[in-house]
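Look at the two complexes coming up: subunit A is in both, with subunit B in one and subunit C in the other.
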Partner chain A sequence: MKIEVRLFATFRNGRGKKVVVEMNNPTVTEVLQSIEITDEDVAILLVNGQDGRFDQVLVEGDYLSIFPPVGGG
Partner chain B sequence: MYGYHGKILRINLKTQEVKVDALDLEIAKKFIGGRGLGTKFMMDEVDPKVDALSPENKLMVVTGPLTGTATPTGGRYMVVTKSPLTGTIASSNSGGFFGAELKFCGYDMIILEDKSEEPVYLNIVDDQVEFKSATHLWGKLVGEVTDELQAEHGKKAKVMTIGPAGENLSLLAAIMNEKDRAAGRSGVGAVMGSKNLKAIVVKGSKKVGIHDADALKAVFKDSVKKIRENGVTGEGLPTYGTAVLVNIINENGVYPVKNFQGAYDPDADKISGESLKEQFLIRKNPCYRCPIACGRWCEVDGKEMAGPEYETLWAFGSDCGITDLKEVVLANDWCNELGLDTISAGTTLAAAMELRELDLVKAEEIDGQPLEFGNVNAIVEWTKKMAYREGFGDKLALGSYRLTEMYGRPDLSMSVKKQELPAYDPRGIQGQGLQYATSNRGGCHVRGYLISPEILGLPEKIDKNALEGKAFWAKAFQDLTASIDSAGLCLFTSFALGADDYAALINAVCGTDHTGDTIFEAGERIWNIEKMFNLESGVAPSEDKLPRRLLEDEIPDGPSKGMVNQLDKLLPEYYELRGWTKGGIPTDERLEQLGLK
Partner chain C sequence: MGRYDRNRIFTASEMERLQASKVCVLGCGGLGGYIVEMLSRVGIGELTIVDGDVFDDTNLNRQLFATSENLGEVKVFEAKKRIAIVNPETTIEAVNAYIDSENAKTIIGDADLVVDALDSVSSRLVVQEICEELGIPFVHGAIAGWFGQVTTIFPGDRTLARLYQDKGDHGIEEELGNPSFTPAAIASIEVAEAIKVLLGKEEVLRNRILMIDLLDHEYHVIQMEN
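Up next is the complex of A and B:
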């Protein structure tokens, strides 16, 4: 199955805005590992636009949005 | 004297009488300074029922005890007055360098009274206060006025001025300093314009007394370290500015689109902080003694200008159905030049576009570019007309509430207490909705930035959709923010610092014995006196509400699809925590406890 990972801020450096990872029912941590991002690097983790967990097992159609520590307005 | 100079500069604009009053230091310590002190003086000296644009209203420019000291971000000041937009207390905060320079003149605050017969500006050099004719400056843009006044009074002089919007009494007018820093909200620029006061120039040489220089050095080092090591203040804000929020808020599905008709914009990345950095950013544009430096400096077609904040990118961008970054950067620059609040200006255009979409405003009323969602050519043109009050711009100048009310649909104004909401849809962020509704200056995010825990996870992550605990968080953030605003520091330090840090900074400078608890208590005192001003001005507790759309119409699409704000479930707990009546009025008992009776 394909999991879309939307990347923002410095996560885009060398990776672009979006990567698609092909894995079977991975956890969020496993998806991140595959693109060389650790859980500790991530300040905001969204699964389908809602707060996600790193141990969450992903299913077909899920997408991730991840942000490093960023800011306020 | 430490932290404070103990001096109030009182200026009567009609008689041109200038007095220096002694500042009662007990009162100063009780209300800290800035926002708190200004509100205390407004309460004591101005009838809250006064017409905000009449000579009887006063305009107070107030520093905090940390303004002009060696504290991180210690250069902020507050403009406190009665708002012509909301009828509430107005207290608009600004950075840049003006606040510190005013403090160096030897004053803690300026109280401006009555109205000048002719346009004037004030030139303040330490003890010398000079009235100067501003006839030649009236009508000019902020950048030009600043350049002319600095040419006359020297580059070291700092200039606070209004633009044409303030002169023309637009209720969305800001007061600008250093050309691009704004005491932006609540129409404070119109109050200055109503007094025929174009600008204030300050140049000072007096240092602020420090109680314990060694202690300050230590606490400065410690707080800067915390700011630098924090991901938000040490890396995110310096790299992208506040604009980085576009994608964060959009990905959460709480990014208002087309006057809050939607909450997700698939094209938002085109106007994001990442895109701004890539396309227009040339350097950072920091304020006085700021280790964060979130301000942006851009270049567009060879012209350099300040870059937009997150709220501005959204207000002129997705809220108007626009994702043309260049045009939004230009609209931001025009707001700075004209002296307009970017949030209220952009969102008032969005409200007008919805009125037009519904054909409540007829095409023939629009004497210029069609005011339609997505029309990139509309935003700069109508921003100018709003400031100059030309044609339909005369209606826009009054803000979205009065505009939509004229067409029988005030529910289409996305505002609280007639002030436009900023860029977070409270249908998908429950605590932020409570904070909006109870804000003492109407729709505002910086009276208690619950986005920090609800979205960014600072100081800890809480569920944005949950109701539990939100009343507590709203009250805590509101109280702490009131103290930070009063001390003379930037709210953004609070991503990295806590109440104990602020207590340590204030104690080192002033020799006080604040603790984290007393910082919260002072903030609560300030919150309550603001509320009392509002009640006496006639703004009823029933105004602690949100626009109908946000309570009843579900978010139509995106990650927060189906959500509405549940304010009615949070308000009773909030009032109880504040020690107020069930109807939202501070009790005598609570006011007594806070030393307000």
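Up next is the complex of A and C:
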């Protein structure tokens, strides 16, 4: 099954605006690992546009959106 | 008088309310300089400005109150001097200290609202907690390179715990730095939020985070489940 990952800000560097990962019922963490992003790198995680969890098991058609932490002032 | 003549979006009673308001701005760097300037120009009566730092030459690319003539000077005292000539009707309390869990309650005190112009996650989380204890709303903003975010936190919302939980003390700004335009853009949105909170307008970013990407021109409002 294919999972689309929509990337924002610096996650786009070297990856583009989205990547499609092919895995069978992976967790969010496993999908992110496959594109070399750790849970700690992610400030906001959305699954299908809603608040998501890293241990959530994904099904066909799910898509992720991830934003990195922004902390400057 | 002409000073507030162009503030025509506000009724007379709203203008009076702004002039009777006290706002605490935490941080007087990239975001804080613009925030203080805008809050003063719009007519906020009292501002508490808090920062323990002095200006150095790395501030010159973006911090409104940093000039080639005041390097080494205390940021909040320079801010006070500037506002004295921009709008002498704004009373400024300049606090030359970094906000922490020891001093936060005293410094924030009886402010109607706190505006975030800090640059560390840990101090923001302290402020969120103290604002909750004091029952004061807190407008959060943060910047990094082309990117920024704004949300408005009411006591009990704890939105920052969601954004920054188990993360380091800094974000991608460590790598990207901050140019001149991102702080100005995010500061403007924080000030708009601040004004709306003070005037009791409902259309604020509560439990919603505005994520801004000035590079690709993407503006996302993300609903957070509370």
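The rule we apply is simple: the second predicted complex is superposed on the first by the 70 of 73 C-alpha atoms of A that agree within 3 Å, B and C clash if a C-alpha of one lies under 4 Å from a C-alpha of the other, contacts with A are read in each partner's own complex, and residues count from 1 in each chain.
Note that a residue touches a chain if its C-beta (ideal position, glycine included) is under 8 Å from a C-beta of that chain, and two chains touch if they have at least 3 such contacts.
Quantities reported herein were computed from a predicted structural model and do not represent experimental measurements.
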item: Fit or clash - subunit C, subunit B, common subunit A; value: clash
item: Touched partner set for A:Arg6, first subunit B, second subunit C, both or neither; value: first
item: First (subunit B), second (subunit C), both or neither touched by A:Arg15; value: neither
item: Touching partner for A:Pro68 - first (subunit B), second (subunit C), both, neither; value: both
item: Subunit B versus subunit C as contact partner of A:Asn48, first or second or both or neither; value: first
item: First (subunit B), second (subunit C), both or neither touched by A:Glu40; value: second
item: Subunit A positions touched by subunit B in one structure and by subunit C in the second; value: 8-10, 17, 43-44, 46, 50-51, 67-73
item: Subunit B partner contacts - residues on subunit A that touch it in the complex; value: 6, 8-10, 12, 17, 43-44, 46, 48-51, 65, 67-73
item: In the complex, subunit A residues that touch subunit C; value: 8-10, 17, 40, 43-44, 46, 50-51, 67-73
item: Of all residues in subunit B, those that touch subunit A in their complex; value: 230-233, 235-237, 239-242, 244-245, 247-248, 251-253, 264, 269, 272-274, 294, 309-311, 422-423, 445, 449, 451-452, 455-457, 461, 463-465, 492, 495, 558-560
item: Parts of subunit C lying in touch with subunit A, wherever the complex brings them together; value: 27, 29-32, 116-121, 124, 141-149, 163-164, 166-173, 175-176, 178, 183, 209, 211, 213, 216, 218, 220, 222-225
